[in-house]
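The next block holds one structure in the form of structure tokens; read it before the comments.
The chains carry the letters A, B, C, D and E, assigned in the order they are written, with residues numbered from 1 in each.
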Amino acid sequence: MIVLVILLIPFITGLLLLLIRNAATIKLMALASAIVNLAATLSLAFSTQASSSYSVSWINFLDINFALGYDGTSLIMLSLTSLLFPFIIMAGMKREQEHPGLLYALILFTQSALIGVFLAQNAFLFYIFWELTLIPLYFILLLWGGEGRRNITFKFFIYTLTGSLFLLFGIIYLYSLTPGLHTTDFSVFSQLNIPANTQVWLFWVLFIAFAIKMPVFPFHTWQPSTYTMAPTQGVMILAGVMTKMGIYGALRFLFPIIPAGVLYWQNTVIILSLIGVIYASVIAFRQTNLKTLIAFSSMAHISLMVAAMFVLNYYALQGLLFQVLSHGITIVALFYVVMLIEEKTGTLELPKMGGIKLLAPYMAILFLLIVLGSVALPLTAGFVGEFLIITGLFQQSIWFALFGGFTMVLGAIYMLYAYQRVMLGEKRPDLENITDLKRIDYIVLIPLITLILVLGIYPQPVFNLVETSVNTMQNLLVPVADVLPSLPL
Amino acid sequence: MVFLFYFLSAIMVISALLVVFSKSPINNVIYLIICFIAMAGHYILLNAQFLAVVHIIVYTGAIMVLFLFVIMLLNLNKAIIPQKSAAARILAVVTGGLFFLVLIAATRQTFVITPRYAFTSEIGLVANVGKTLFHEFLLPFEISSVLFISAMVGAVMFGKRDHSVGDD
Amino acid sequence: MVEQIPNINLAWLVPAFPLLGFLVTGLANRKLKHNQAGIIASAMVLLSFLVSVVLFFILRASGQNEATVTLFNWISISGMNIPFALLIDHLSLTMMLIVTGVGALIHIYSIGYMHDDERVNSFFAQMNLFTFSMLLLVMGANYLVLFIGWEGVGLCSYLLIGFWFKNPEYNYAARKAFVMNRIGDLGFILGIILLFFTFKTVTFSEIFVQASGFQVGAPVITLITILLLVGAVGKSAQIPLFTWLPDAMAGPTPVSALIHAATMVTAGIYMIARSSILYNLAPLTLNIIIVIGLATAIIAALIGLKQNDIKKVLAYSTVSQLGYMFLALGLGAYSAGVFHVTTHSFFKALLFLGAGSVIHAMGGEQDIRKMGGLRKKMPLTYFTFLAATLAISGIPPFSGFFSKDLILSKAFEHSIILYILALGGALITCFYMFRLLYLVFFGEQRLAGAHPHEAPKVMTIPLIILSVLSVFGGFLNIPSLFNGDSEFITFLQTAVVSKASEELSHSTEIGLILGSLLLLGLVIFLAYRTFVSKSIIPAKDGEPMPFFSKLIANRFYIDEMYTTVFEKPFGYLSDFFYNKVENSLLDPVVDEIGFTTSRVGTLLRKLQQGNMSFYLFAMVAGILLFIIFILIV
Amino acid sequence: MNEITSAIQLIPLQHYIILSVTLFSIGMMGVLFRRNIIAILMCLELMFNSANLLLAAFSAYHSDPSGQVFVFFIMIVAAAEVAVGLSIVVMMKRNVESVDINLLNRLKW
Amino acid sequence: MNALIFTTILGIIILYLGLTKNKTILAPTAIAGLLVTLFLSFKDWGLSSSFFHEMVIFDNFSVAFNISMIIITIVIFLFGVDYYKMMELHVAEQYSLMIFALVGAFLMTSFSNLIMLFLGIEILSIPLYILAGGKKFSFKSNEASFKYFMLGSFATAFFLFGIALVYGASATFYLPEIKTYIAQFHGNLPPMLLIGLLFIIIGVAFKVAVAPFHFWSPDVYEGSPTLVTAFMATVVKTAGFAAFYRLLGIGLLPLPVPLEKALWVMTGLTLLIGNLVALKQSNFKRLLAYSSIAHSGFIMLAMLSQHSSSASVILYYTFVYSVATVPLFIIFILVKRASNGHDHIAAFQGLYKKKPWIAVFMTILLMSMAGIPPTAGFLAKYQVFVLSISQGYLAISIFAILMAIVGIYYYFNVVREVFTDRDHLEPLVITKLNAGIIIVCGVAVVVMGIFVWHLPI
């Protein structure tokens, strides 16, 4: 039952927000809702009882149930969502925003939909929520976005929807394969013995949606421009949670249902992802827009996670799920700082910045800490995740590990470059009036950074949380190895 | 009798072609009337006496008069409208020819249609047709009044001269 | 199971103090008045030092060789158990003492040196963090904890090198240091992972026990050691990853001292010494290390000949000395390497602090061509500097002599060519060190308007202590030749397994020492003739030079080469990816799909001519086609 | 009279089919051929009538009166259609002073 | 049957009421009458009664479709209250013609004899020919009317010829008998019969604007008075597909292979043309016209999947589509009024600023059209795809999905306009009634997306 509550709190609060006029009240209410949600989620995460679930039959003739439930993987995703949203909401606190009621309602709707994605136990329901995440976000981007939002948002929307519709095709196809009275329950899907040849093509039908969402090279072209244009809160949702949704989807759909297809394409996807890692990192280096740069950096990190996912061994999965959490926190913090910088300097163009550390030393320090988290310095959360991921990659092939490990080097190159261009150097005459952080900024950034550090120093709770599901998942590919048509490579 | 059939058919086809090819609307109407009269002949050959009569009344008597009336009313009796371009006309003829060939080819194939009922020449008599019409086909007969009323409404609406301007 | 040594848990205090110092000075940045931060930071490191000493005695009293202190489980998942544990053994104790001891002196010195800097509090915070990282590095009981420190020092070097962040070049140098380190770290972490897969653990003691199960030359061990070596090469500034170190001079001088003497660069040496058991199993890697070490030693020394920046000279000398340490490691004489680390830390710290003193006195001037005649103005500095120079040159009985001689004799045991090359490097070292000494302290003062003066006590006292250590540090390990019993080496033997080698006969050894002494004397004389008697001052920048000199003066154009071969192509690649692949290929392809669809739409739209005749035609054509279609199908 | 009533048995059904098809094709061709709306309407009548003829022929062949009744309905509808069609023509003529089908091209794309 | 009779009478009553020159009572009377019809239709549910020698069968299928059409007509009439305020003449005629058309639609949903299909189509069409020309002085309206009439008659000619051919072979007009007759050939039909069936199918396909017989629809939609367009796009379409399904799904199942293939080709073409051309439309009415063609394609997909639940899916699809379409037309009319007859989609710019709630509901409606959850439009498409995919038509399903993406593109193009700012905003008047219709329909679209039904029809 509590899962239903978690799902509905943001939704209902969102509806209420539409009726309120006072901006401060709206934000406080949104924040309160997000915090209540966080508390509820944490109570799930740390409860010792058997997992909570909720199920009512919905569309009888299609045998679709409104079934909510969770396992370790969803719990991680859920925690991430619930954890990030208070900060995402706080990112708008004390700031002038147009139509706050609508904005926060949309944000909360997005949250609700995201939670729905992670809780859905039924492919149809999953799909509904999957699409639902997009709608409010589309409007957040369209109405509060920056320059060129009309076309960029549109491209993003259509691009991701294209993938989704292929997913829909896949779901229906799977549905049609289910025995007897058809159903879309994941549990039934995962017991289908789909012929290997079918799995081989079905893989791409299903994967493309996730590939676009995450995004995997070369399906990423919507991402940089969207991130650059998006309003801060939108991009936080996008980069912090939406990308993870792709990962979650892949974990839910691909591995249990079409393991042979995954195994067949495993190396292809890993290589694509590693290309993505290198490609995005290299590109990031020459970006002049801070947001674009971070967009590419995010892509590099996500690509690494995708590679880890497709290696699908124990360490890679542990690392992946850990990194999901860590990347989400880090990227939200990063974008918060980006917002601050933009507020203070009025620009995001690196050549127009510099010397901000002189005027805002505390901002510089916190930014540096986040940057370090992003480049996976030991004792930050990023390190634990990437270490395990590289370990997992190594188990598959040393070359995978080597190329995956390049993120460490390349990440340092571009992130420190960006940091230098923004913060260091001589003061610029046109940036004289910059002030340091306000209280609200500390309230947002300090907990995030603390989380980054705490997870880096004491990651064990997260490992324990996902242990069971990782154990289930890592064995998924083993039994299908001998039914493959013929392996590439 | 077979000769009669061919004779009527020839008249029909020729007059039909003339309907298509002659330029003046008045002439068209005349040829069409000839065609329809020939068709009435065919109906008689087919033992459809009732149809023959109705055909003459409806088509020749009503519809064609309507045509003539409109032509006169609108003063269209001269062939003022230019022909379509040569290419379009050739294309029309070719299309029509092709269509003809294809249909002929399709319908000529060996396929024996077995008559459904034993032959009787009575079916076309008014009594028989009337029975069928008011027995089996009563509903369509009644419901076609709706058709007429709407057609009437339409004709009145369009035909009336008024000065209303609705702009949506 | 070894029984728990009482009070050994104190070990956590060693890194904790600097961490505390970091937190206090860092968080209370604005609150602290002048000098307070410095005092706190120095005190913390000093406390660490004291605890280290206490630990030393505890361990000695216990009669055991090592103790592990597990703080908490860091990563503990199925099959991978990585505790956050500290290891106290002779090797780590040695390093702890060096780090905290020398580190404390540098901290104290910095109080004076950084007195006037407005961000002095940040400086000390970072220095403390640096010490903390280094302590973690040397105390970690497994490779991953070591790696934390390993990266930590990289970070701190980044921070401190770029301490004066207004200057873009300094920032560049800082980034360069970090990135080069990271390249090494990548190798290192891969090595750790391979270790993990090979041994199912990353804890030193467990690995070393299992390592005996492997044959000498086992490929996996070779691969591991090579990967680890990549890390060490990056951290210890060996060819080809050494260019960051000279650039690291951008930071304040005490930082240079800290990086070069006590921390950071020695990490590579420490790590290889720590992994001695593995390296003993990989002769191939050892040979690679020899080549790298020797090449670095000589090339860096050659470059040092023509440097005119006082700190650059010292920097190259560090690189060169690190080369020697590597040589020692490559020869399997790990303890000798560590011993050189120890002595080197004394005299290099001294040299840097001395240089700092000089720079301080000269008002920030670092060009030795503009110095001169400081001997009289700054006698104390002069004498300490002299002591260090003698030590680094390997003049008996200064500390450098003992450590360097140990390495040279090991080289001789291995091969005469090695010995000659190594000795050549040592001679060059001697030459440029004396060149430096003469140019700075002898002759006439060349910089007009400067009023050099001796530094305050807070700076000179560390100098004095360090010079004492530089002079007498060598006595830690008196070889049997001088009736010593190689105490230092013996002390380390419990932790470091050096390769067995036959001892040279005393007579050969004496011969070698005498020969080298003779040559050294000649070199010193040569330097004296050149720079004091003839008062030759190195050419100004841009003056024509002979080819070879130019080559050396420009550091063999290695930096330029890296720029051309790596940095610029990287930029080009980035541009290429972004402009050509991303913006001209991938993105347009996606757009093109849209455009094509849209174009087809336009085309189909043309069908809707608006012309009735056309519609009728189209309908008929459609019907005709469908008739044909159904007849055919 | 008997001769006429049994005429149907002398003439093969195929002939009627061919005749209807011919007529239908001619009508269709006319629709494509002409520009004058009135003429096109006439051609449409031709097409309807070919269907009528065919129905009548089949009706006779099967001796089933329902075919003929259908023809009757077709006539009804044709009459109604013509009425509507011609009134549209009249209305158009008032607006554009022409009955040229090629003028009907404002709505397109 | 009672509903049919009552509706006919209602039409005549309205016609007479027109003589009173009192416009205000027309819409209420018509709506009240339709409500009675609705009630009568509900009473027919489950009776499955046939009348007049099985000329018509009011089974659940036809009752369900009739109810859906009545509801839509009521919505359209509700809007007519406002719409016809501006118009002075022939208002009663317009109402009664729509009601007569509805009678035709009833016949199309319930025929069991080809003559009833023929009459139904004609009774539906002739009022529409007239209604399309409702703006007598607008050349566009004239053109629309004539084009519709001309092409419609042309299609009818083929339809009749097809009936004649089928009759020739089977000697009957009864659908069940034709079905039995065809069954004896075991799928190997003689060409004459095939062509006959093809012509009949084309005649019906023309009504629902299936490519390549769709040419009339964009022009007629654009030229007709918008309210009539709404009627055409919804009620006529529903009736057309009901007839189509009765013909194919009930009458001719299993379809002869050549015909089935031909229909697949039509489906593909319809999807392609409808969606791709809609992509290039800037006139909102034309856009909806093409989108309606596109929707025809999806419905065809459901129909051709030949599953027992196809009928229910078609019903759901058409109803959901209609419920979304009518208010879109309403909003369009209001916006067009406010912007001096501007019918470009750019006319919607600033709607979000002017009437945020209307903008929100418009978005929901467009989402439903595009088939995005949680709207009913999504579930409609979902069911269609479930049918087509589970029947194994994978290639065409993939194609349809690609086309659905294109669909999303052009619908959200409109959404984008709605949420784009414009410098100076003309005042937009929306009466409470109209706002009510829009909101109720918007809510209905969402509610139907949650409470999906499946009728045993």
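Keep this in mind: contacts are C-beta pairs under 8 Å (C-beta built on N, C-alpha and C of every residue); 3 or more make two chains touch, one makes a residue touch a chain.
Given the structure is predicted, the values throughout are model-derived calculations rather than measurements.
The set of chains in contact with chain A as well as chain B comprises C, E.
Here the chain-to-chain distance from chain A to chain E, counted in touching steps, is 1. Counting hops only between chains that touch, chain A reaches chain D in a minimum of 2. The interface with the largest number of contacting C-beta pairs joins chains B-D. Here the spacing of chain C and chain E, counted between their Cα centres, is 78 Å.
Averaged C-alpha coordinates put the centre of chain C at 99 Å from the centre of chain D.
Put simply, the C-alpha centre of chain B and that of chain E have 30 angstrom between them.
Chain D and chain E have centres, each the mean of its CA atoms, that are 28 Å apart. Shown for chain E are the residues that touch two or more other chains, namely 115, 119, 122, 126, 129-130, 133, 136-137, 146-147, 150, 154, 165, 168, 171-172, 191-192, 194-195, 218-219, 280, 409.
In chain D, the residues touching two or more other chains are 13, 17, 24, 27-28, 31-32, 35, 57, 59, 61-62, 64, 66, 69, 73, 77, 80-81, 84, 88-89, 91, 101-102, 104, 106-109. Among the residues of chain B, those touching two or more other chains are numbered 84, 88, 91-92, 95, 99, 103, 106-107, 113, 115-117, 136-137, 140, 144, 147, 151, 154, 157-158. Applying the touch criterion to all chain pairs gives A-C, A-E, B-C, B-D, B-E, C-D, C-E, D-E.
On chain E, the positions that touch chain B within their shared complex are 8, 11-12, 15, 51-53, 55-56, 83, 86-90, 93, 96-97, 100-101, 103-104, 107, 115-116, 119, 122-123, 126-127, 129-130, 133-137, 165, 168-169, 171-172, 190-195, 225-227, 333, 336-337, 341. Considering their complex, residues 3-11, 13-19, 21-30, 32-36, 38-39, 41-43, 45-46, 49, 52-53, 56-57, 59-66, 68-69, 71-73, 75-84, 86-91, 93-94, 98-100, 102 of chain D touch chain B.
Across the complex, chain D is touched by residues 1-2, 4-5, 9, 12-13, 16-17, 19-21, 25, 28-29, 32, 35-36, 39, 42-48, 50-51, 54-55, 58-59, 62-63, 66-67, 70-71, 73-74, 76, 79, 81-84, 88-89, 91-93, 95-97, 99-100, 103-104, 107-108, 113, 115-121, 123-124, 128-129, 131-133, 136-137, 140-141, 144, 147-148, 151-152, 154-155, 157-159, 161 of chain B. Residues 146-147, 150-151, 154-155, 158, 191, 194-195, 198-199, 202, 212-213, 215-216, 218-219, 257-259, 261-262, 265-266, 272-273, 276-280, 406, 409 of chain E are the ones touching chain C in the complex.
The part of chain C that touches chain E in the complex is made up of residues 594, 597-598, 600-602, 604-605, 607-608, 610, 612, 615-616, 618-619, 621-623, 626-627, 629-631, 633.
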